[in-house]
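Take this structure first; my questions come after.
Note that the chains are named A, B, C, D, E, F, G and H in the order they appear, and that numbering of residues resets to 1 at the start of each chain.
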């Protein structure tokens, strides 16, 4: 594992056969301390991995396969993962699962978009307990600014490709987030739940000598 | 006046000489019921208009010259004009002045951006009393969605060219507003305070038989 | 219903199963005063909703499912819905149906694009009777400016993704509409018939004390 | 002159010194049948040309210098040049002057934008007498479609960089024109009055054996 | 027929059923002097039209259905239609067929792109005989400039969506053509063979009193 | 101070007069525990602030004015700030100063771009000692990926508007950074040194109970 | 063969039938000194070519068919082809095969992206032995700059459409490469392995009198 | 000198003071075998360099300062540098000077754009004698394709920001060049004469053992 974190294999650009070969090489290493995460695996790619690593966990909504099945015992701070709408759930799950397998405690809060402010205001206690907060939002992408204005922890904003027309496949929320009026907003690529979860886990990592 | 509304002269694309000729033609008509609004007039252009219409009102921050000086007696509903930041003020003033000279009561509320939610939540009474609300915001452009989620009246969102980098001269808030998660958000061109104020005045107009 | 208007469920980002769960929760509430609108439902999603709300109305061209079946008794002003071409019809129907279920009288006028001016000029009486006018247009998106120049009511312009090449999926008419030379044009997202109809219904709403 | 048409020298990309050298080479040729057109010459560049060709005509609004001073005797059909607004005048003058020095009869019609349809409808007789029509328009760029729907002659649409915000320096009208709903619309580059006038003169040229 | 030219029905935005209804209305008018052109008809749409107008001509590569089958007797000047590559053929055929059914003589020249200059130089006689030249080109879109530098007639440039990567679906050749260094280039929308053929037919039309 | 961090005043969108009024209000509060940061102040704006807060520190290269002059005693982890080239220095200084006044120890490393890998590899010890690393880079923006591949701490990537042509004012490095092949890269707006320094200070903050 | 290099037929824009006709014409020429390369041939198109040229070589991953089967005896310098990730392999193979059939020795090095610098640094000997180096990279496209900083030979950078979101189908690495901080980077179109291999073969060609 | 080539200092992003410090450090090294090139130096920056290196050569049109004054004795092949128009000259001179100071023989050919094909065809002998050809072109950028179709040597295409409107500061010719229909075209950044000259010098370098 590079730099102490689990390795990740990007499934989208690979054939099922290529993924199977990679999975077999992990299987042949036997037991491991650090998990491997196969990202962006559709059903066919996930199946190819599971042939070689039958005890891996497949999270179909998040398009992840993780091996071995059990995440490490959590250390460090809490990672909260929020979504503005229901449609942002797959990206949020990718982030949440990634952070968990990188060794953090996680909490998921769904559908607290700013069109109904009471929803996010009702979860202030949880938000203020977190060491890092991932916010997945499409369309207007306004939620990260509002959250960053309410907490002292860093907010990792993930634009999602949810929406249509002038959402331009996630460009609209990407720009909103890059221009967030509250400081403390870190942006990752559109739909990059894996990157958001990884960053959150790094931020919430325990002190090196802790 | 077309369709019962004051005429507008777009100053930016005209030379001071051209504007003076137009102003003179209004002056020669003598007294009038309906005002004329010269928009986007810098100091030089405003001066050219004032030579011919010395009793006109010059609003330099809003780059407007209006004649005659007194707005009509207000009718219809209240138009509220909000800004997310201080830098959105010129556009907001252009909207507010336009709506006032189109015959509406207006209220201006400055610097209530979503990074500090208490600011906009503290003005809920005013917002709920309005028949139309103009919201001028640059950078992340998140304020119109939040306001539209709090009121039943239409919200007219004006993206401003405030900001830098990936704000792209107002494109970022323009896209945010077009993708507003709350319904009831009408969008106009970047920095188009005149258009926003006009639309608000039309929406808040008294019933035709009233 | 938020702020006195029907709730809307955005179908596109949800699985049929998720929609069915939502529909069931409405069914379990029993009779209701205010309708719920499921937007952007393809055949499969509409079917999932209808399993739980069998008496809902399915408008396939507009991709809407509305429940309960009968719109409220209309109040307020007339909402006119225009299209430039035949291909803009689905978006126009989404707007018209939304406005009707929000309690307005509506009229639909199809195929009156500016390449044949006599078509729109022949409907001036209807246009001038409306309190709000929705105009759906793709390709050059020129119709809203022309209509706004002919009436005193606000025009809500909906760019559609009809066209090819440099239409860029609706960007061309979107820009045309944002730059409309006549004031009084409110723009919504590309293909956002729901938002246009909602805005029209708000604008044409009866006075609060009326 | 290439292919029977006057030569053009693009002034913008050249230093005044370079232009003076070019002008001198024309002066040294002595009398000529075919004019030379220096385009996009600001005051400084025009002065440099006039030093060597003192009898040339300088059209400052159109940024043109033409030599010799007298256009050829007109042949072929009429070229009409229209503008949507006053601010499109410089581009229209560049087109009109170019067509005239290429040997056509020309007519200029200013400020007939579609926000007030009566203006363009009031000039139908002129429009229908033309063999080619140049239409210069900024902001929403809707005028060429309307004109093309009214006449049988080709319409040459020139988007102008008039406007602000989402006009994007002429991109908005450029896209409008490329997507014109009426056939018969030829588009040239933003602010390219020279190209539009040249094309119009070619289209309205007399039959080769005539 | 509007303005003396055949009517056109845009097939892409219509259902086969809508097209069949339109076709039937033409069938019921009986014989006609002026043809109708159904553009952008895939197999299914073409079949729907042919059910009602069985004697119509179907040009599948150009995606056109034209009725009645015989083009008018040609008048006016020659229209030449060129392609840079083989892949531009469908768009070129759409242009050529349109011009022919609008009453012009036409010639088609395929695969004369500028990467092998001898190909276009070998057809100079034909090019110089034409009254209007349509040039369809994708990728670098360089052919229209070269052709316009060789002839005195107007060149109508049609960018095609042939190519990949930074061709951006035809944007690259569109920009090349708008910036053509030779004057006399008229641009139409990407893949708009119909518009190019129509414009060419208008330009090459016989003199009105001829 | 919101959420425990210093307040910031965005200078660019304000007149010198507006800034002076704001500065005076801080001066009138007397001594303070938490600094205020005036960002994006050119010479004129900085002077206006200094009139009211004469003991403030002006950092002209970073366009910052900070008051009071002394940063707080540092706590938490080390913040390293890197630049790819010399031209990225102003943005890096803005980040470094911000982090320091938010209470962190900082180190600045200039001109270690990837075109000469030995430069960044020679600073590995420092990089691995940091709790958060800010990387400012323009043009190709490749440095953050390389750094993130070498360390376990989060990397905050700031694209700068250095460069020309297809750098598009910072868009090129912005996209590079959003697509970083190494996980652990957080992106902020183009030239947003303030935001990067703020985020770094939050990430490197001492544990809450520490 | 034009200019001494093999001919290429662009398969994507042609029907299988058109390709078969072209293949047959090559077959009828009999033996040949210079190969022909059919690019961007999917299974169906490749099959059509192979019917007429059964002894051609089909490279499905690179989507190439080459005839005759044996590449020429290599001359000139070495062409090295690198990929940043596994997903860039098809484009790299297209480049490598093209260079080989144009008569160069080639070496392929896969998966040496900059997120793990040791990978590319481990191949320095090979890189420094090459006369031209093709580097295929998607996402952040950072590898070509790093390589160009390590060698004296020209680097041909091919952006690939690997990635998602703000990779924009290869635009992100395209911009990165155009802005490469190290000189000596030549850029070709996104996914244009054919063009990259051709250019490399030209650069590594033997001296003309050699 | 890195990798055997002269060092370059990018002037645009540095203050005159910073440049002077750098120049002084070169001066203090005394005589040198390999030159240093200061690129993009306006008058003020060039003067700062010349204070410390008074015997350096200043090429104002190319915005270059080179030291020491004499280029190395030329080796390797000929580098030809072409421009489409006169306005491309500064970029061409930057390329030509760079290649010369990197040790190549160079030839400059100005104003041979494709709108007049005879101009480039008249220089075929020179073009075919070159080992590498730099082509600088703005507006439509068609010249590199035409040249690449005429020669066997690699063509390095430099888009220039000459032009207006839809030239988009050089984006139009950049896209044309990336989509060149002839193989053998290497593209560099807009206005990047330095990079083009460097690449040409590398390609035309003498064989390593030569």
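By our rule, contacts are C-beta pairs under 8 Å (C-beta built on N, C-alpha and C of every residue); 3 or more make two chains touch, one makes a residue touch a chain.
Quick caveat, the model's predicted, so the values are computed rather than measured.
Taking the definition of touch as given, a chain qualifies here only if it contacts chain C and chain G alike; those chains are A, E. When the CA atoms of chain B are superposed on chain F, the rotation angle comes to 90 degrees (nearest 5). Repeated interface, listed pairs C-D, A-F or B-D, reference B-F: B-D, with more than half of the contact pairs matching by residue number. Among the other chains, C has the CA centre that is most remote from the centre of chain H. Once the centre of each chain is set as its mean CA position, chain A and chain G turn out to be 36 Å apart.
Chain C and chain F, compared by their mean Cα positions, are separated by 46 Å. The distance from the centre of chain G to the centre of chain H, with each centre set as the mean of the Cα atoms, comes to 26 Å. Separating the centre of chain D from that of chain F, both taken as means of CA atoms, is a distance of 51 Å. For chain A, the set of residues touching two or more other chains reads 2, 85, 116, 149-150, 165-167, 171, 174, 178-179, 189-190. Those chain pairs judged to touch are A-B, A-C, A-F, A-G, B-C, B-D, B-F, C-D, C-E, D-E, D-H, E-G, E-H, F-G, F-H, G-H. Per the touch definition, chain H reaches chain G in the complex via residues 2-5, 8, 149-154, 156, 174, 178-179, 183-190, 194-195, 198-199, 202-203, 205, 207.
Residues of chain H touching chain F in their complex: 2, 10, 12-14, 18, 40, 159, 161, 169-171, 174, 189-192.
Those residues of chain G that touch chain F in the complex are listed here as 84-85, 113-117, 121, 139-142, 145-146, 148-150, 163, 165-168, 171-173, 175-182. Note for the complex: chain E touches chain G at residues 85-87, 116, 138, 162, 164-167.
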